[in-house]
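Same chain, two partners: chain A is paired with chain B first, then with chain C.
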Partner chain A sequence: MRSAFYLLDVAPYGSEKAYGLLNASAVSIEMEVTLGLYADGVYLALAGQDGQALAAPTMSDTIYAYPEIRVLAHEPSLARRGLLCESLIERVELVDDADFLQRIRAAECLIIL
Partner chain B sequence: MPQTLNTSGLCWNTSNRCDKLKTLTIILTDGPYISEYAEMAYKIAAKALQMAQVNVFLYLDAVHIPKRGQKPSVLGDAGHLFRDLAQRGAIVRACVRCAAARGYAAGDDGTSPDYEQGILITSLYDMAEMIKNSDQVISLSR
Partner chain C sequence: MEIFFLTKPPRSDRTELCLRLLQSSNDAAIYLAGDGIYNLLEDSLKALPPERIIVCKEDMQARGVAAREGVAVPDDFYERLVEDLMREGNRVYTF
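Here is the complex of A and B:
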């Protein structure tokens, strides 16, 4: 495999899923790695997170720490949750349904944890 | 939500052989009995071993799967299934961070007295290597 698409569709806190997916993405950067945020996964892209209150790492920090990871957020998921693009961290690329699917298909494997 | 897969899909043909498959990696994240994924992974891996190298990476709660001495009352022992895969040549590895978080200690060589034989506790980087060196990847996760 030369590329991998990691898909997150759950909220960043309250379970180990987002943390696990971010770590898996980070160790995979020898490949072309895309992190796709879908449904509640888009909350990972919100600016101003602070995991301290939950005794958890601040998940969005990983995105800043690994510029090699391309981060996509599914725009319809954001809209359904009333989230505006101005509320997101800088590195996130907004994509519509068709583009999100196209990016998945372009990757050699899709990994959902 | 069952997940998979390589976007090109598995390539079984009518003679039940997979001509393209050389290395298959299966990633699991669920505990052994909360879903059927451990058993499904076993069946897929056992079949794939007839024609390909098979890697299995146990991540998050899946590090419970190879625990030695399980006695489920109504289901088969998932640890035995994965011990069997390792004995048949599959490379079965578990994430060290996830294992430590759940109380499974590893020696310097990756073995653990808590685990069935043949299954090692290693770095998450091994998962990335498995993926990189595979031509098919299946992730099974709720």
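Here is the complex of A and C:
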């Protein structure tokens, strides 16, 4: 297998899924790895995260630490949540609906936790 | 063939994503189990030939949902699903 698309549709810090999916992406960097933020998963794109108060790792650090992971944010999901006017992590690429679906199809497998 | 395995109810974000991938597919079949059964009550699967909709009988009975004419309700739902998942050339999406 040469490529994988990890889909996150749950908000970070409220459950382990974002942390788990980020780490799964990090250990897959030998392949072409895409992390797709969809629905509530787009909250992971927000800049200024700091997990210390929760004694939790700051997940945006992982996005910065692994430039090999391509991070896409589903633009309609961002718009629906009023996040387009918020500051987002620079490394996150905003894509429209059609492009997002096309990237899912382009990967050899789709993984959702 | 593209195989879709849906276990989420109609208003779920994942169901919405699944249906959009399904609608843009040329050769697809969808397996419904768990809360995915409730999608039988919607019009969202009307465009798919009924024989390409395969439903888990136990989940359907438990939820009091009836399948419309032509929808497949096999006794060996999971055996059939695994066969389709393993068949060479099939692409699988689970939601």
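Observations on the structure shown:
Definition applied: the second predicted complex is superposed on the first by the 111 of 113 C-alpha atoms of A that agree within 3 Å, B and C clash if a C-alpha of one lies under 4 Å from a C-alpha of the other, contacts with A are read in each partner's own complex, and residues count from 1 in each chain.
In this section, a residue touches a chain if its C-beta (ideal position, glycine included) is under 8 Å from a C-beta of that chain, and two chains touch if they have at least 3 such contacts.
Note that this is a predicted model, so its numbers are computed, not measured.
In the superposition on chain A, A:110 makes contact with both chain B and chain C. Within the superposed three-chain model, A:9 lies in touch with chain B and with chain C [touch as defined at top]. In the superposition on chain A, A:38 makes contact with chain C only, while chain B stays out of contact range. Considering which of chain B and chain C touches more of chain A, the answer is B. When the two complexes are overlaid on their common chain A, residue A:1 makes contact with chain B while staying clear of chain C.
In the superposition on chain A, A:20 contacts chain B only, with no contact to chain C.
Residue contacts after overlaying the shared chain place A:101 against chain C, while chain B stays out of touching range.
By the touch criterion defined above, A:66 lies against neither chain B nor chain C after alignment on the C-alpha atoms of chain A. Once chain A of one complex is fitted onto chain A of the other, the partner contacts of A:30 are limited to chain B, with no touch recorded for chain C. Contacts of chain A with chain B, set against its contacts with chain C after fitting on chain A, overlap at residues 7, 9, 104-105, 109-110, 112. Chain A makes touch with chain C in their complex at residues 7, 9, 38-40, 77, 97, 101, 104-105, 109-110, 112. Note for the complex: chain C touches chain A at residues 13-14, 17, 20-21, 24, 92-95. The touching residues of chain B, counted against chain A in their complex, run 1, 3-8, 27, 29, 59-61, 97-98, 123-125, 127-128, 131-137, 139, 141. By the touch rule above, chain A contacts chain B in their complex via residues 1-2, 4, 7, 9, 16-17, 20, 23-24, 27-28, 30-31, 104-105, 107-113.
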